[in-house]
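Read through the structure below, which is laid out as structure tokens, and then see the notes.
When the chains are written out, they are named A, B, C and D in that same order, and each has its own residue count from 1.
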Amino acid sequence: MGYRVAVVGATGNVGREILNVLAERQFPLDEVAAVASARSTGDEIDFGDSGETLKVKNLEHFDFSGWDIALFAAGSEVSKVYALKAAAAGCTVIDNSSLYRMDPDVPLLIPEVNAAHLDAIAVQQKNRGYDGGFIVTNPNCSTAGLVLVLKPLADAFGLEKIFVVTMQAVSGAGYPGVASLDILGNVVPFISGEEEKMEEEPQKLLGKWDGSRFIDAGMGISAHCNRVPVRDGHMECVSLSLKKIASIHEVAEVLRDFAVDDELASLPTAVRNPIVVVDEDNRPQPRRDADAGNGMAAVVGRIRECSLLDVKLALLSHNLVRGAAGAAVLNAELLAVRGYLQYRNASKLSVAEPIAR
Amino acid sequence: MGYRVAVVGATGNVGREILNVLAERQFPLDEVAAVASARSTGDEIDFGDSGETLKVKNLEHFDFSGWDIALFAAGSEVSKVYALKAAAAGCTVIDNSSLYRMDPDVPLLIPEVNAAHLDAIAVQQKNRGYDGGFIVTNPNCSTAGLVLVLKPLADAFGLEKIFVVTMQAVSGAGYPGVASLDILGNVVPFISGEEEKMEEEPQKLLGKWDGSRFIDAGMGISAHCNRVPVRDGHMECVSLSLKKIASIHEVAEVLRDFAVDDELASLPTAVRNPIVVVDEDNRPQPRRDADAGNGMAAVVGRIRECSLLDVKLALLSHNLVRGAAGAAVLNAELLAVRGYLQYRNASKLSVAEPIAR
Amino acid sequence: MGYRVAVVGATGNVGREILNVLAERQFPLDEVAAVASARSTGDEIDFGDSGETLKVKNLEHFDFSGWDIALFAAGSEVSKVYALKAAAAGCTVIDNSSLYRMDPDVPLLIPEVNAAHLDAIAVQQKNRGYDGGFIVTNPNCSTAGLVLVLKPLADAFGLEKIFVVTMQAVSGAGYPGVASLDILGNVVPFISGEEEKMEEEPQKLLGKWDGSRFIDAGMGISAHCNRVPVRDGHMECVSLSLKKIASIHEVAEVLRDFAVDDELASLPTAVRNPIVVVDEDNRPQPRRDADAGNGMAAVVGRIRECSLLDVKLALLSHNLVRGAAGAAVLNAELLAVRGYLQYRNASKLSVAEPIAR
Amino acid sequence: MGYRVAVVGATGNVGREILNVLAERQFPLDEVAAVASARSTGDEIDFGDSGETLKVKNLEHFDFSGWDIALFAAGSEVSKVYALKAAAAGCTVIDNSSLYRMDPDVPLLIPEVNAAHLDAIAVQQKNRGYDGGFIVTNPNCSTAGLVLVLKPLADAFGLEKIFVVTMQAVSGAGYPGVASLDILGNVVPFISGEEEKMEEEPQKLLGKWDGSRFIDAGMGISAHCNRVPVRDGHMECVSLSLKKIASIHEVAEVLRDFAVDDELASLPTAVRNPIVVVDEDNRPQPRRDADAGNGMAAVVGRIRECSLLDVKLALLSHNLVRGAAGAAVLNAELLAVRGYLQYRNASKLSVAEPIAR
């Protein structure tokens, strides 16, 4: 007793990781479809480490009707056409591209941060005339880790200003992505569109849905984005100022104590404590810490005073898991457990129960 | 007709680079001594690519009398004892360690930035009873590039706040330095003492000598320092606020137009324009840009608006050359041409003239 | 109901990995001691990912009596003194250093390859007057993977000549080991003593114990050893000639079919098929394949004809697991299950049974 | 007074390096044309570090008549059509692709190795009805360094068998070439077609032109080719057997003494001693040695006995310079000085004379 899930862009870097996550975390599946462009049609791809393989289906001819969930990881050009088509067919679309993230009726969702934004779905369905289907998006890979860490601070102290410099792994650029000639022993201080996303998306994620529209969080954010010769794991150096005075100790405690409620914790891909605070001076590090919480935790270290703002810290999150594939699957799990799925909402199947772990 | 120069710590990473610079830029030498600890005594080391080798002398028994210049690149422990001894013996000591940088009577010198600080030498000699000798220091390797870029902005617009995140090359940690197991495919968000130096040294460098003491520049500075798997070249992401309103275009022009005067430009190790502004979005990069101006230029790119402060930019400088060896030799050249050298100041030998280039 | 195991050199790269393997594979333990030099005494180190920590004991004062197994991973200088002391105290010593590997009465052991060499233990005990204790060694990290792959070929076809070029990971050199300045973006065509070990150890491993001495296998072996900027996993390009004519297909089948017997397969650290044959042209690769069989399998690919000898292939094995820590623990498991352990041999405790997996 | 030179594939990795070499070594030029596919037409590219830029011309419409030399670095597909067209138009074509290398009437040329093969040009012109034009090729990048080192050994002692394993830099695969996700911290034991080229091309290079056809050298060669995370410089581990008995010392002396004659030494891109023998155990290394002889020398180290064949050694050469761009330009220089150029052979302009160095 599970769901019918289509993964669009299944042969790409993120698509494969979605299949990994679905297989490893044992998302309750009746059927999984690997969908991609005509070029890959008929190829066999691994369904994670399950030993099973999936035959790739052609997106052009794929019928989304009857599929509970469509996870899109094929870029904005594909989402432009097919995500709309899938939503219109009644699917719950979870889009990893940046295309719809800032749309006024589309939730940009991190379950631990802004599950209340799901209320926008009803408005979206009405606006667009969707019958059961809808679109939810997950944030940019470097935004995801940042906002997860900002969330408890925003709740406890309020946030005013955030200064962030990223050092991003090459897997964030997909495959083939960054040429080895450009990045071996090098740093590239530019990732197209990334700084804009990092300055914009947190405003929506940490903002509110007021019943008819999203209200920005209204923080000041400045981002510098860099590519570094690291495989997986985006590192971020952050300085921030708080609305309420707090000691470094209090900030650390709030981060350390951040825990999700039982509903969220029961989701296969969730971790109870999605922020891990490390005490060593030289942590977090991509190679040692990217897999914390099965790649779903953000790891925070070096929490200390900032001489310009209030707090300095370093954070790391796994760009492919927390920043893309795991984020998408976790969104699917939340939507499932809350009964948003068109084809299954009669039964309101629990996501957590049928899973043998 | 040249100088007698001793290089202390000649077998280390910076010491060897000092020998490279002396040989390549053809510093006018009568004699050069490679001085190091007992362990290396008698070893033959290359005098740059000149084809000549030097026999390493034992620091413990080295007599600094009669040597015009002693370039120290052996760490604070060595400078603690022997830099004082050399200064007392009448040498011009140029110390690359951090030990004396913030001393109230010791110039922390970047010739293009604060040559006027040399007036402190007379006070130092009086304070310490030195007869002809004295100590001058060069800044920390990541401070050097930063302050070079800040200088024309401070002069043109005034500086209020500086936010800087570094991505530093492994050669900055000396040899053997960073273990490959720690840095291959990784980032380490900590370099011991580095953030403190970067927040402190620019205040002195951009401040003033008022005849009896140094007056801090009084900027707000916040630094995060990281080690990345790059061989040479420290990259820095900088946001800053100016006292006077300026457009991005004006900021870029001031940086582009920064040029030194004829006295400085005549020094063998100097470049006329020590800041290179690049227009490509994805520059500067360590591998492509670290050698700009023979390693003595800072390369600046991505000059753009900052949503929190006024200006964002990325800068790069060669940590071993501009940040250490070249900095030390350039300091020596300035002191020589200005007649500060005890053993040569009768003749005020020109540095530039005898050089065949 | 388990064993008392001391890990000597527990704070080093291999020592920590031994603790990882003991914890992960759930070696049946009554007690585990982390032993190291005075410098680390009292430090707390992790017992793998178990959550437990161990307080480091001082090797100088450590009493080996009553400890079933002493796993030595502290280098030849330490083994020279303390391995002998432990064996004399009645311990089963498993030494990862190269010191005793070629001794005429010491087994150099790979359980899948030459378990019959354990018969030499009785001679060793007699020769050296050991009462219950003895020394067994595991091979050099690049020899281990090579010989595992050669074994079924030697059995099926006989081996005449082996040409091998290694590309070895930095973790093979311990910590801090290789300086990042030496290996970032570089290859070093030399590892001290490595080629000699690779040309010598396989002769003993694939040779025979005739009741009183080891008879060399008598193959011709030529090795070139290189260090490459890879974290874990030694890659080896091998050409070899066989005594019996065989097709490439037969060679591949023999490798693919290599399986251990039930006794060996029951050991916690063993895998039933310790050779994995991959079909893709561009495999094996350290990053993708080093963890095959929990790091205990050798991965072989590109099996093809050689225009000088008979067969060319590429092989990879995890230098820290198959090449060191896993090898040592597997040796311990075999000795335990065969009743070689002085302090436990009354009971002949099964290694495999008490393990809950 | 110089030549008219067209560089086809000028925007690629090798094409740009050819422009660098032409500019740096001051090849005597009347005019240089940067030619590429329609996609790049009109782009401005740098003419090395000369400060000049070149406007890219469209290959489809480029008229090769009147151009002395056409250097092709655009791959086999382009050479298939346009190299023939250029030769038919009277150009001296120097092709970097593998397409024509093994053709029975096309010289595969390394000037230091087989300049006598130029006698095949007359046959080629006759065979193909070329009026003045012809095609000469340069070898595969890993073959180039190998054969340069084999040449003096073949002459002095005769060569029987060669076993070679390469560790090749990513720049050998062009741009974008190898994806960073494939090679960061990794080794890939496969380069398509490379082993075949390395086993085939040396036979022709070290063979003879008998007046009507090329006679293979008849050595046994076995090659394994690997990609490693290095930017520039192909490393090769070589074992070889000689026809005549020679000591390691004699082998080293023959390599060390290898020098070209005055005609060759006078060419701008040539070096008098194209083999550099290093004595340190851990050399050559790509990062330290790839630029030896301005990238035109092969660096040899670790000359020692082989337990299977006679001699083991490690060699390194710069794949972009000696292995591609420098090789092509040196071929052009030799052809120019020997009067092979259709449009200039009335005057037999000296290559070396007009160069101000």
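The working rule: contacts are C-beta pairs under 8 Å (C-beta built on N, C-alpha and C of every residue); 3 or more make two chains touch, one makes a residue touch a chain.
This one's a predicted model, so the numbers in the text were calculated from it and none came from an experiment.
Interface comparison, A-C versus A-D: the higher number of contacting C-beta pairs is recorded for A-D.
Note: the chain lying farthest from chain A is D, by mean C-alpha position. Chain A and chain C have Cα centroids lying 42 Å from one another. The centroid of the Cα atoms in chain A and the matching centroid in chain D are 49 Å apart. Contacts with at least two other chains are made by residues 184-185, 229-231, 287 of chain C.
Of all the residues in chain A, the ones that touch chain C in their complex are 184-185, 231, 287. Note for the complex: chain C touches chain B at residues 13, 170-171, 175-185, 229-231.
Partner chain A is touched in their complex by these residues of chain B: 161, 163, 165, 167, 185-190, 192, 199, 220-222, 224, 226, 228-231, 235, 237, 239, 281-288, 301-302, 306-309, 312, 314.
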